[in-house]
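Naming follows writing order (A, B, C, D, E and F), and every chain is counted from residue 1.
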Amino acid sequence: MLAKAEDFFFSVKNPGNTNNPVGSNVTSVNVEQIPGLNTLGMSAVRIDYAPYGQNAPHTHPRATEILVVLEGTLLVGFVTSNPNNTLISKFLNKGDVFVFPIGLIHFQFNVGKTNAVAMAGLSSQNPGVITIADAVFGSKPAINPDFLAKAFQLDVKVVKDLQAKF
Amino acid sequence: MLAKAEDFFFSVKNPGNTNNPVGSNVTSVNVEQIPGLNTLGMSAVRIDYAPYGQNAPHTHPRATEILVVLEGTLLVGFVTSNPNNTLISKFLNKGDVFVFPIGLIHFQFNVGKTNAVAMAGLSSQNPGVITIADAVFGSKPAINPDFLAKAFQLDVKVVKDLQAKF
Amino acid sequence: MLAKAEDFFFSVKNPGNTNNPVGSNVTSVNVEQIPGLNTLGMSAVRIDYAPYGQNAPHTHPRATEILVVLEGTLLVGFVTSNPNNTLISKFLNKGDVFVFPIGLIHFQFNVGKTNAVAMAGLSSQNPGVITIADAVFGSKPAINPDFLAKAFQLDVKVVKDLQAKF
Amino acid sequence: MLAKAEDFFFSVKNPGNTNNPVGSNVTSVNVEQIPGLNTLGMSAVRIDYAPYGQNAPHTHPRATEILVVLEGTLLVGFVTSNPNNTLISKFLNKGDVFVFPIGLIHFQFNVGKTNAVAMAGLSSQNPGVITIADAVFGSKPAINPDFLAKAFQLDVKVVKDLQAKF
Amino acid sequence: MLAKAEDFFFSVKNPGNTNNPVGSNVTSVNVEQIPGLNTLGMSAVRIDYAPYGQNAPHTHPRATEILVVLEGTLLVGFVTSNPNNTLISKFLNKGDVFVFPIGLIHFQFNVGKTNAVAMAGLSSQNPGVITIADAVFGSKPAINPDFLAKAFQLDVKVVKDLQAKF
Amino acid sequence: MLAKAEDFFFSVKNPGNTNNPVGSNVTSVNVEQIPGLNTLGMSAVRIDYAPYGQNAPHTHPRATEILVVLEGTLLVGFVTSNPNNTLISKFLNKGDVFVFPIGLIHFQFNVGKTNAVAMAGLSSQNPGVITIADAVFGSKPAINPDFLAKAFQLDVKVVKDLQAKF
């Protein structure tokens, strides 16, 4: 069925636009971009970071990620599950590789004054992304603010402000 | 190897202690409690809720969950992944069943004046639990507060207060 | 695609009708009842038992089962595979949990004078059920009675009687 | 670790001894006989049948089976799961291939006056075998005979006789 | 859906035609021949060998293979992956069984003066076959001959001759 | 168990040494280098290419590969399985991504006058590598040269020369 090179190809040669509140951009390379990935259990992403930009805390519900830094210096980390919630983090430079196990909350932070770039492989043709702040405070419709205030030990007014922002 | 009924048995007859800030308690029944679950890809939990208690927003990195309400009335929900972040929620009464797909952020909230109880099956012998607030604001060591302030669009002072609480 | 709470919901609040020869009833909650279970590898059942009712010996060809007793007292068990054929069984009361590993013959028996109820999770969106007596003696068309007589060391007349009943 | 040809080899050149009540014999070739099968998800069996011998109704809890007849004529079949319990059966001669899907009750019956031989592949390194009659009526300890009498609609005396035989 | 015996049946009673350069023939029994194999993770093949015929070095990209010799004497083998490239080989006679692990290059060679026959089970409904010589020297379009000359340390003229033959 | 950042980290910042006959070098980042990859189904590699260097035709028996070019220009390709043996190939520049499906023979060729570098993700913690020329002509012990001569339609003398080289 799939017999053309284009079915197995995509280009991420162009930097993503990091002109946004968190200062980062993710370019996906999954089965939507490369139909030949169907049933193969893999995908990839290019991530661009402006100076001090961040790839905010998020999870992939269906994939482990292995990331390599191509440019710049990143502080990366993930938090282990209950009951320990241990933060496992490290500064990475060009050529350094780090693993984020499936489903765990993780992030990258460009700690340098210059742009940073990373590539990552993911163990699913459609890994999904859940940005924690967007899912918790920016869902449509909104989660009950009193409920969230209790869960996050925040004043309910602060929660409502957050929900207005996201 | 495993040839005794006790290897396939555990009891959750006793209610969990909900005398805590969120007013809920999860009793796990996974491979640590039932060694016979090894390699079988299943586990279970009992969840107790005080009046207005909540099972705060969390994910299971390695399992889908199917929950049935045994007592009381719960508001349950999950949020879909990017880019939609749609909140899928419903009020459940005794005998109602709801599914939380693998890796998605979900919660239950006891909206009644009486205790509530639920049982759930999970599709892993060791599903893991990530309570979002604990992982984000309560990790050990703490995630950089400036980084979190930006990710959650919170004042850095609020983040530091949260990190002190969790 | 699936964006409504109803796609992830089903209710088993009503007891099943146990007015049948074995005195039990299974209400399924699988991908046919909850389309949102598709690809998620999970399902559930509610089982009702009249006094002295039984969920007759059966297997699930594609799932392990984890059962919790909600009301009453059950004698449950499964038989290990060749060559041992060990019966692993136990009396369960409300709140007790028991595991039936994938593909093994198992059963539940309400040993009390009152109704019993159980819920169970299963590790497949479509676990299947093979009731041994129905499959062996009630297949359509019937299995050769001489063949079955030899397999079960029964008189061929007894086999034919059984085939007439099932 | 495994670097010798013997780790990937076993011989089933010798016929199994069919001098037993059912007139058949299964020679297993799984991970116990061939350690190199570890993690590879495959195994095999040789089955010998005396004239009118049978491989009695059984299931493999963890494998699909694909069988080829090497000698003789077999009547083979399997029964689909609830609610249909359809018998799917066929006479097979030398060189004929038939599939028994995972977990379904199936059998082979040598309908000829001469010995028959078959080989089969199975989709697990350790597929397991549950001979229905042995598991139901020959478990150790025995299943409660009143319970079985109701499940199989047999007189309890017949059940006790069966349990004495198996 | 699939409710007829023919959906689970295929015959390989007829020998394959070995009148070809390598003197062997493979008759496939996969999901294309037996639709009932769909989702079941299994298939089979019959292999016929003329005297001194060979099943040339090949791999199955999606399956482990377990082979049994039905007639004749075969020299079989596989080569382990980098860095060892150990040849694991053995002479097999009628009734001998050998395993070829998933993805490894393997072969069979009829070392006798008479025809040989084998049956094999494979751990995929669609295992695929890559005959090394055909894929490397017979691809359409051809791989750059200078590139292949370097990879195989062959004179480029020899590579071009090979590409003309395959 | 694994609670240190070093368990999830490895660096490939240094170029591999391409001073060898094929002019390329693969630096592996699998579970041997990163113990935290255990059970996670992922790994990575860095590949360096001298001018006109090649990553010779090879397969990964247990993984699909997704490659991104970091420097230089590569001609990459894979050959589909029997019966088509279609060569799917493409020239790639910096930022281009290409997929090599599990088990298929594939290669990369630096067609430029400068060094080239690529990173790739693989869908196994231990994907394995089979370099075709090494496995076929360089196995220890050697495969029978008459057998290989027939398989590859080469003069037996050429095969023996090859076996001496590899």
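Just so it is clear, a residue touches a chain if its C-beta (ideal position, glycine included) is under 8 Å from a C-beta of that chain, and two chains touch if they have at least 3 such contacts.
Given the structure is predicted, the values throughout are model-derived calculations rather than measurements.
Q: Using the contact definition stated above, find the chains touching both chain A and chain F.
A: In this structure, no chain contacts chain F and also chain A.
Q: Can you give me the shortest step count from chain B to chain F, moving only between touching chains?
A: Between chain B and chain F, the shortest chain-hopping route counts 2.
Q: So, what's the distance in Å between the C-alpha centres of chain E and chain D?
A: Chain centroid spacing, chain D to chain E, equals 29 Å.
Q: Distance from the CA centroid of chain A to that of chain B, rounded to the nearest Å?
A: 23
Q: Chain D to chain F: how many Å between their CA centres?
A: So the centroids are 43 Å from each other.
Q: Got the chain D residues that touch at least 2 other chains?
A: Residues 86, 101-102 of chain D each touch two or more of the other chains.
Q: Chain adjacency by touch: line, ring, star, complete or other shape?
A: Shape = ring; chains linked end to end, path closes on itself.
Q: Across the complex, what residues on chain A touch chain B?
A: For this pair, the touching residues of chain A are 21-22, 54, 56-57, 59-62, 75, 77, 79, 81-82, 84-87, 89, 101-105, 107, 109, 128-144, 147-148, 150-154, 158, 162, 165-166.
Q: Mind listing the chain A positions that touch chain F in their complex?
A: 3-5, 8-14, 29, 34, 36-37, 40-44, 46, 64-66, 68, 70, 77-78, 80, 84, 86, 88-90, 92-102, 119-123
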